[in-house]
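The two complexes that follow have subunit A in common; it is paired with subunit B in the first and with subunit C in the second.
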Partner chain A sequence: MDFGVFLQTCLNATYASSYLALVAVGLVLIFGVMRVVNFAHGELYMAGAYCLFWVFYQNELPFFAGVAVAVLAVAVVGLLLERTMFRPMKDNPLGGLICSIGALLVLQAGAVALFGVRKKSFAGPYNEAVTLFGIDALTISGQRLVVIAFAVILLGALWIFLRRSRFGWALRAVAQDSEAAALQGISISRISMLAMILGAALAGVAGALTATIVPTGPYMGHPVIIGAFIVIIVGGLGSLEGAVLASVLYAFTHTFVTTLFDGTIADITGLVLMLIVLVVRPHGLLGKPERA
Partner chain B sequence: MTFGSIDRRKFIGTSALAGAAAATAVNPGRLRAAETVRIGFLAPLTGGVAAWGLPGLYGCEIWAEQKNAAGGVDIGGTSYNVEIVSYDNEYLPDKARTGAQKLINEDGVSFIEMLGGDTMPAVTPIANRAEMLVSTLLPSDLSPDTPFLVAPAEVHPIYNLTGVWWMAENMPEAKTAVICAQDDALGRPSVATYLAAFEAHGIEVKDTIFFDIATTDFAPVMTAMLAHKPDILCLDTAYAEFVNELCKQAFVQNYGGQIISCTADFYADIIANTSEEFMEGVIFQFPDFDDPALNSEGINFNDPNGFFQVYNERHPGQWGAVSWEYASILDLWLDGAQKAGSIEPAAVLDGMKQGGTGAHAFGEANWWGEELFGIDNALVGNWPVVQIQNGKAVIVEFKNIPEWWGEHSATMIKHFEAMGEMWYQRA
Partner chain C sequence: MGAVTYAVWLALIALSLAAAALALDPHLGGPHRRRWWQGLALASAAVLALSPHVVTFSQQELLVFLTINTLVVVSYRLLALTGEFSLGHVVMMGFGAYASALLSKQFAIPVPLSIILAAGLTGLVAFILAFPLFRMKGFYFLIGSFAAGETIRLLWKAFIGPKGISRIPGVPDIEIGAYEINFWEPVASYYLVLVIAAVSIWILWRIEHSHIGLTFHAVHWRDQLAGAVGVNTWRTRTQALVLASFFAGLAGALLAHYLTTVNPNRFAVHEMVFVLIWVIVGGTATIWGPIIGLVTLTAINEVLLRDIGYDELRPLFYGVLLVLAMLFLPNGLETLPARVVRRFRRARPLTSQG
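Right, the complex of A and B next:
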């Protein structure tokens, strides 16, 4: 691999890390607080992409208006999922998971009914190539730079929120020990709702930001959720920092193997990475071992 | 069946047929057919491969409506209305199997049109048992074990050689190529074809890159391709959205060479995502049917320009590679049925293959395929080479596939064998 290809691959991997981290952190938030493995999270990502398609492409409104609508709309979908499915099933370990599979199918069918089966491939407002630092090998579309910038800003803001705000402390407390948090007067229901809204909004913003980069289709959430699950297992279930670290690790591994070999081998490598972590460090890179 | 179980398409289709029938009843200039012949359409209408199914169904519905409006089709002295019965196989073998059983046993179809590929092995035993005539767009489905399967519209992927052939003649400076393809039943035989064509015309293939069908981010794939600094990017038979994404990435990563692809479906979208200058000169294999070259003598598709116009009025932005193909197969089926004087599948097959030739959409063609597929059930003749010029697909030349085959068949067979795609190598 010559140096130019190496630089370009690093850039490709940085972009892949960014959107994957947004999706995976949302998934971790939901799992950490609610103990629900949300299989519909990929479809929340898909819903965000379609919101952008509808606002930006079909109604020709500004791109960031589409992103804002995606965040709000998908957060509302998340809220509905929490209130109608996950909350009633909170005492049933398998109930939430099965409900999320049902929600996945409903959201996919809804997308087909509203937008048809053909994938939408449309250009964003920052489609032109940007050459970084005057180095030809560091060429990336402006749209991908927007994703990277948003990921850094949003994940940074989330980190500050979780550490500096009362809601953030409450959220972390529930994630660590919900019974102890409840004894301290924290409303588990309100915090669950907040986690679901935040997690869904992150998936929605990831979908909206990448809608002009990848084909927007009813089944676009499937490969994303597989990657996100690998990431949260590698990072450690419930660890936000672990999810970000694992996103970078997974995306760089996957992108470099794709470039050097092919995508199929890259998929296998990603799964092997997960298996190695499960064997060597079952609680993930930054996860904490379950107490006996 | 309750009203609630009828889907929107069926409802609209039924309404259209009912409307056509009503119009026929009050129009003394039109005849009414006494019988109905049902044609099965078993292809992906949803899912990732829908772009090679649904637009074809639209074309068939227009074909049937036009025939029915003209009083139906006359076969063996009986006038038939044509009814298209569709089943969405989602490009899943299990669904295709169920669909074939339903179409044959419940709907009583006389002929089934399929995309083929990964779904065909599930259908073949059912079709063989019922002696049901089935068509595929992918001749790589053919083998001696598929006596009732024909590939009468397109000889995918063999026609891809015509693009390379034309390019070698007209762009002699392009000497190196990189191929990428999704790793599936569509991608692999197409890679074998491109490898053979490039070799036959002295173009060096620097690398062949397979990617998973679930790939969404094509930046790494394109980076790997461009690392070889090729004169030609070959996008193989990538699915419509893959071609779009690959072109976007080639554009962003500053590629300035030639692109060749089997399809460039919805190329207006690709131009919108890149630029007219970037897409100028891209070579592919599927014309728009408003192309003046299709009005020339020897073209057997009825009023291609009119068909294109009606299609685009009804389904704007949906014209793609398969929009005309399934309809052109109906022309060949009808021709076979009229020669046989029957709608019985076996008799129609005999009628279609009568004399060893058929009226292919792009001119008279021969039933061929013994060497490559083990059975002469592919209709092969001319195929157009299409180039994007000033943002519009233009037929630049028709090339004769049997002529190329006469000179280079050994090369093609060598690459099909290396790829494990010869009929005797397939499971």
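Right, the complex of A and C next:
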């Protein structure tokens, strides 16, 4: 692998880790507060992509109007999932997860009903290539740069929100010990709704921003959710920093193996990585071991 | 679809519901309980034996798949008895299919032998996988079994080929006097698969009601207590996984020789989701629960919805039904008849027996 290809692959991996981190951090947020692993999270990402397709491509409105619609619409879908499934299933540890598999099928079929099975490929407004630092090898489409920028800004904002605002404190308290938090007067159901809105909105943004880069189809969430699961296991369930770190690790591994060998081998590598972490260190790189 | 087809499917649903009602309520039927079971067994045998002769060719094929899937869901329930839900069961089925296909095609091993060997090999692989997987429980086991299964499936895709294996030898013809049984016919295959599935389910039933089966329940509900009184919980879970995988492998091998092709996509996670839905919508308290789920959903999906003609929206129905079952019928469809019976009983004046 010569140096130019190496730099190019690094850049692609950075892009891949940014949208993966947006999806995975949302998944961790929801798990942290509700102890539910949301299998439908990849479909929230897909819903975000279709929102952009509808607003930006079909109605020819500005790109960022599409992103805004995606955030709002997907947050509403997330809220619906919380109210109709996760809250009633609160006492059943695998119940929420199984319900989310049902939600996954419903959302996929909904996308098929509204937009058809065929994948949509359409160009975004920032498609021209940008050369960074005057180095030819560091050429990337503007669209991917937007994804990277958004991921950095949104994840930074989330980090500050969780550490500086009262809501953020409450959310972290619930994630640490929901009973103790409830005793302090924190409303678990309001915090659950907040976590679901935030988590879903992050997936929606990721979907909307990547809709013009990858073909938008009803089953586009599938590889994303598998990647996100690998990330949250490797990073440690419940650890936001772990999810970001693992997104970078996984995306770089996956992109490099894809470039050197092929996509299937890269998928196998990712899954084996997750299995090794599950066996050797089930609480992940940055997670805390669960109390018995 | 003709009225006869609907009648066959309704009969299958009604029979499995009746069996679940009898199994779940030890007082149902009172002194005539044994008669009820015998009548049910006779009626089931009659319906199962006659049904392929009254339906169309495509429905005959569907009956073969249904019978193979029965074995898949019932074996899945054996693992679920220990409290663990796996996302790798369909890959175990695929392992049996691939193993039997390769054994019979590449190594020219006679098909009946290759099917048994393949099931055994699947059990062996499950035994090896148990070492890493049973360090995990609950969600971690779920995701770990997915990772292990998906890795195996992608290995087939990478090294055997994305199109799988084709031209697998079928089950050889049998000649009995003047009769010749040709397993290219779905009806002949149906009877073969039916007998194998029935024997396997009987074995699984015996396992559940043996000493081993009791430890499965113990490990599910009180695993630390079970460990404290001397049950090796790791070994118990491994036994369940190996036995469940053996029968899944058997089902897969039967499928491979019936279809004469195997394809890695046939064993992907979305197929696993269907198995999970059949088992959860049906219920896991009795052996009849997963069968009810499978038969009912297959009937609605392949007969009713196909007639109405919303092909692409069929997953919607599966998803909605899964969520509704989780919310409103968490113990599965199998508890439905018992609920109805109880309601009728309550309406009547109480007898001296209560």
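Criterion: the second predicted complex is superposed on the first by the 292 of 292 C-alpha atoms of A that agree within 3 Å, B and C clash if a C-alpha of one lies under 4 Å from a C-alpha of the other, contacts with A are read in each partner's own complex, and residues count from 1 in each chain.
The rule is simple: a contact is a pair of C-beta atoms (placed from the backbone, for glycine too) under 8 Å apart; a residue touches a chain by one contact, two chains touch by 3 or more.
This is a predicted model, so every value here is computed, not measured.
By the touch criterion stated above, A:V272 is placed in contact with subunit C alone, subunit B being left untouched. Looking at the shared chain after the overlay, A:N12 reaches subunit B, while subunit C stays out of its contact range. In the superposed pair of complexes, A:A65 makes contact with neither subunit B nor subunit C.
Of the two partner chains, subunit B is the only one that A:L260 touches; subunit C does not reach it. Applying the stated contact rule after C-alpha superposition, one finds that A:A149 touches neither subunit B nor subunit C.
Contacts of A:A157 after superposition on the shared chain: neither subunit B nor subunit C is touched.
Look at A:L80: by the touch rule set out above, it reaches neither subunit B nor subunit C.
Applying the stated contact rule after C-alpha superposition, one finds that A:G110 touches subunit C and leaves subunit B untouched. Comparing the two interfaces of subunit A, the one with subunit B and the one with subunit C have residues 112, 117, 226, 262, 264, 267 in common. Those residues of subunit A whose C-beta lies close enough to touch subunit C in the complex are 37, 84-85, 88-89, 92-95, 97-99, 101-106, 108-110, 112-113, 117, 226, 229-230, 233, 262, 264-265, 267-268, 271-272, 274-275, 278-279, 282.
On the subunit A side of its complex with subunit B, the touching residues are 1-2, 5, 8-9, 12-13, 15-16, 112, 117-119, 121-123, 127, 129, 136, 139-141, 144, 213-215, 217-220, 222-224, 226, 254-255, 258-260, 262-264, 266-267.
Subunit B makes touch with subunit A in their complex at residues 45-48, 50-51, 54, 183, 209-212, 214-217, 219-221, 223-224, 227, 240-241, 244-245, 248, 251-254, 266, 269-270, 272-273, 318. On the side of subunit C, the complex with subunit A involves touching residues 85, 132, 135-136, 138-140, 142-144, 146-148, 150-151, 154-155, 157-158, 273, 276-277, 280, 312-316, 318-323, 326-327, 330.
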